[in-house]
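So, here's a batch of structures to check.
Next, two complexes with chain A in common: one pairs it with chain B, the other with chain C.
Up next, the complex of A and B:
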């Protein structure tokens, strides 16, 4: 067990080092001067320039530069933004919770919808229910996120005027930024109309989360269906059925526990796709998260922010993958075999 | 299908690939996808000859015309016009080239490079294979859109650069799929048997492994086409993809968003075009997946 965890952590360190190398190469390739791209200070004075050179060891070999680049970033120094000179790290800490909040809710909805529907599709294999669910999931998977978001705004926001179309919370509610998660912030704040603020926050959440949840939900349906089908055809299921167990008991007590683990491990692979669609969703719904900030940075050619965004997003994906891997290894002895460990 | 009927009445037993094809054409949904795909392919080739107007041609006297079935619409602008008087149908037809056609080209190149790297890493063992794997893990962790944004930022915003960026973002997925499939095959008994017969690495790959991984690669290829279409359109929608003057579906949709209240058809039709092409490709991919599973199972 510990051997595999050590191995995973080892892989993690190596992968992160490769990621840093990729971003470092990228910073070298981006237009503009390396010192500016690394530190984010535009038009530095001579004193500032010398400070940057010694900070990032720009007068030494590229390997020294790479090592000191990693050192700076690990200590939380991501440089400053090109446009306003604020430290990028603080800005990221402020924006990241909004994105994570959106992703967590979307993922929860995707699981709550996808798991039961996937099980239903597997149980009614090759019957109407299966075809219907599979067809729906294929259609849902093919809808571009940005089109779905715009259509939702057009219909629910403008035509019916049911839901607000942009932002996190109506400006009437002055909620202090503590954790960055709107719902928790409202709970922690001491405003008078808490109930109304909750309603408003949830109304703002509905459209972005549902838009973002569609693609993961369809993926969950299809993965659940496949793994459930495999389990339902296994011999121990036939044995359970032969012993006269109730069909529901067979599904929930025997097949599901075995089927759910591959589903969870597959879902972590979807994380980078989820982040991509989260970025687009944030732009459409003016959600003040890291994705919108990054896209804005692209318009302004703010390379310091872009490189920091790549590092953080990819780092986030790697960390979650490793954690879920370790959790899976801890709970499923079968995954400790060489086949899984060697990837 | 063909195998289960009765093999004794057939003169020859169909090859595995033919099996898959026979299975594939028995799914109506998959065939629908294939026909739509072929339709788009034909439009890609002949778009300039069937489109009523050249791309980007502005009609100053026909601003924001609704589609022709609307009371105020005109048949000469079949799907209506946008705020600069550009005919939406013509732009959509030319957009088949920029969005659908270029995503096909991108996928072909990405598949070529990715599969080659995947084979090299899949066939090798030990240090070489694991170094390549870590580089892949790191690239796969970067969201593909972000990678494409960075590459466009480095190289400048032209259609060719967008295509290259989307292609580079696709390559790791091909490498991973190929690597997994090839690596899985290497531990099979028939590969060991071929090795014992004295086959060299190339012979093992070409004669033993390739026929068995080909179907997985085809499925991955269709998946990659749909990802490429969505990526190119998304980049266009965020206005960091195709340059503003090209008629690209995502860019058209982004232009339409500003007019969503007065002219919703500017958003609906480009979106439907993207949706239809991606759905067709996904139907084909689904049909292939099922055909592979049932053909060999």
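Up next, the complex of A and C:
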């Protein structure tokens, strides 16, 4: 177990080092001064320039530069934005909750829909229900997020005018930005129209969350179906059925607990997909999260923000993968063999 | 078994119904807290319109936070009292006496609470900040006052004298008929001297433009860059407290997003819809489109110092060769009026006796032959790839003109640069012709003549046609020497006649100004010179709006 964790951590450190190296090379290769790209300070004064040079050791070899670059970033100094000179890290902390909120809701919906439907598909293996769900999930998986979002806006937003199409909350509700999670912020605020504000916030959430949930939901359906099928064909299930147990009891007490673990580990692998689609979804629905911010930064060629975004998003995916791996082996002793530890 | 199935499906249906009806507030007729949301197109650069000519900044500050000494009333077409109750101009038009309004309160914010009412010191502070380069606040926020520099404010004002707390006299160096119009422009706002003094003590001078204090109908509550601006009504505003609980500017740079927010009720009013979106807006019965002839002109200007454009015959020939109607239909989608003169027909100085050049390639060819160019010639046409108020798509306009001129044997090469480089390069006069335009800052017709055609404007860069005509200069200078509209009209008629004959430029179109609003918002007018005011805006109750929509 400890050997396995050590291997994982080792792998983590190296992956992160390579990630930093890639970003560092990118910042070197981009047009413009290296000092500006690293610190985000445009047209620095002489004093500022000297400070940047000593901070990032720009007068030393590239290796020193690389090491001090990692040091700055690990200490939360991501430089300042090209466009307004504000610290990037603060801005990121301000925007991240909105993205996390969207992802959490989407993931919850994906699980709530995907698990039962996957089970149903497995139970009705090769019957109409199975084909129908498989077909639907294939369609859902193949639809690009940007297209789905726009169609939803066209139909539910502009045609039927049921749901708002942009933002988190109607701006007339003056809700202070405390945690960044809309629903929690509404709870913490002292506005008069709380009930209406909740309704409005949920109405704003429906379309982006559903759009974002489609792909993970289809993935969950398909994985649940596969693993459930494996378990349902196992001998212990046949034994349970032979003992005359109720079919529901067989499914929920015997098959599901074993089938669900690979599903959860697969879901963490979906995280990078989820983040990517979250960025697209945010742009389509003007959701004030980190994705929209990053895409705007690419339009403005704001290299300081782009590099910070690459670091943080990639780093986030790596961290979550490692943690989920460790949690998985903590709960599944069979995976602790050296064979699983090496990648 | 069958009954069980029906029961379950009914249950599902009902739950679904309740969820849907509970979660879509726009279905039960926009229940919101009272207030108005305006979808604006971008971030303001500061909250002081003196510092800029940028429309986004003016919209966010000029009429919301501040007042002017006098205001332009678009409905009456004349200048009316604001912070000045009334005024008096001496006979030779060089001294203006203003009697100021009493009991006008400045806003307060976390940092500042006014201890006195608005008085003459505030007026002196606001104008001296602009004209006196040694003023302690002159260089706070950069020291550039583009509007005031373009109208020569510093040179025209000799001195400003405070007679008593509620009376000031402005002495001009010479007569200037457009002076009142300039004071009524969006940019000539009044700030608080008391606030400035307090900020000087605290060494935080720059806050005067970022945390504004004014006398206007709204107080700035909060501003989040790229997101929104929130205003609260100024309780006890001298001209009646606004009727809405709050005003929010939702910063939405994309035009399609603004329209979508309007349709779903997240916004009540929106600026600058694109010409191609007009039809969708017209079809929606919740929305109302407000239209106003803009005080602007898009034109094709010739470099009149270059061969063959130094020959007026050639310029007249090309006037016949250009089909303005086709341009207005294809580029503006009909959202513009055809221009016969640089001056829009809305202006009191418009000359309706002008003989417009009708579209006729034959006449054009004939005139070209008379000028000795029967075989045509090659020319460059400069156009910028940016959307401007007066021209939504200059490149497309240029391509149309290219096609039209080909019919009369003139080969056009289109030259294009990014906006900033474009403006820079124009100053070298290395073009044959250029697609440009002009948007007026105030109601005075002078704004269309001196900045565009005077010999002085050759230096300041406004005169894109490289045209300096002494007689014409004389005419437009005489036109501003009098403050009586009736006496000025003949000069402007003559000036337009000269332009029509000489054709230094071909006026193409006056773009219309659009504003979209939800039908249950009332009290909003569209100002032809830009600048939106929410002072009188209010939301009709839901019942009334139902009736109104039918």
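We adopt the following convention: the second predicted complex is superposed on the first by the 343 of 343 C-alpha atoms of A that agree within 3 Å, B and C clash if a C-alpha of one lies under 4 Å from a C-alpha of the other, contacts with A are read in each partner's own complex, and residues count from 1 in each chain.
Operating definition for what follows: a contact is a pair of C-beta atoms (placed from the backbone, for glycine too) under 8 Å apart; a residue touches a chain by one contact, two chains touch by 3 or more.
Treat the numbers as computed from the prediction; the structure is a model and nothing was measured.
Trainee: Look at where chain B and chain C land on chain A after superposing the complexes, then choose clash or fit.
Mentor: Superposition result for chain B and chain C: fit.
Trainee: Mind working out whether A:242 is in touch with chain B, chain C, both or neither, as first, second, both or neither?
Mentor: So A:242 meets neither chain B nor chain C here.
Trainee: Pick one for A:46: touches chain B only (first), chain C only (second), both, or neither.
Mentor: neither
Trainee: Give one of first, second, both or neither to describe whether A:280 is in contact with chain B, with chain C, with both, or with none.
Mentor: First partner only.
Trainee: Does the superposition put A:288 against chain B (first), chain C (second), both, or neither?
Mentor: second
Trainee: Is A:153 touching anything from chain B or chain C once the two structures are fitted on A? First, second, both or neither.
Mentor: Touch status of A:153: both partners.
Trainee: Per the overlay, which chain contacts more chain A residues, chain B or chain C?
Mentor: Comparing touch counts on chain A for chain B and chain C gives B.
Trainee: Here's one for you: vertex at chain A, rays to chain B and chain C, all C-alpha centres; what's the angle to the nearest 10 degrees?
Mentor: It is 90 degrees after superposition, to the nearest 10.
Trainee: Looking at A:165, would you say it contacts chain B, chain C, both, or neither? Reply first, second, both or neither.
Mentor: Touch status of A:165: second partner only.
Trainee: Looking at the overlay, what does A:202 touch: chain B (first), chain C (second), both, or neither?
Mentor: Only chain C is touched by A:202; chain B is not.
Trainee: In Å, how small is the closest CA gap from chain B to chain C once the two complexes are overlaid?
Mentor: 5
Trainee: So chain A touches chain B in one structure and chain C in the other; where do those two contact lists coincide?
Mentor: 153, 158
Trainee: Quick check: in the complex, which residue numbers of chain B touch chain A?
Mentor: Going through chain B, the ones touching chain A are 29, 133-135, 137-147, 149-150, 153-154, 226, 230, 233-234, 237-240, 250, 253, 257, 260-261, 264, 267-268, 271, 274-275, 278-279, 282-283, 286.
Trainee: Provide the residue numbers of chain A that touch chain C in the complex, in ascending order.
Mentor: 84, 153, 157-158, 161-167, 170-174, 191-193, 196, 199-200, 202-203, 206, 286, 288, 296
Trainee: Per the contact definition, I'd like the list of chain A residues that touch chain B in the complex.
Mentor: 11, 14-16, 18-19, 22, 26, 29-31, 134-135, 138-139, 141-147, 150-151, 153-154, 158, 272-273, 275-276, 279-280, 283, 294-295, 298-299, 301, 303, 306-307, 309-310, 313-315, 317-318, 321, 343
Trainee: Which residues, counting only chain C, touch chain A once they are in their complex?
Mentor: It is residues 20, 22-27, 31-35, 37, 225-228, 230, 246, 248, 250, 252, 257, 260-261, 263-266 of chain C that touch chain A.
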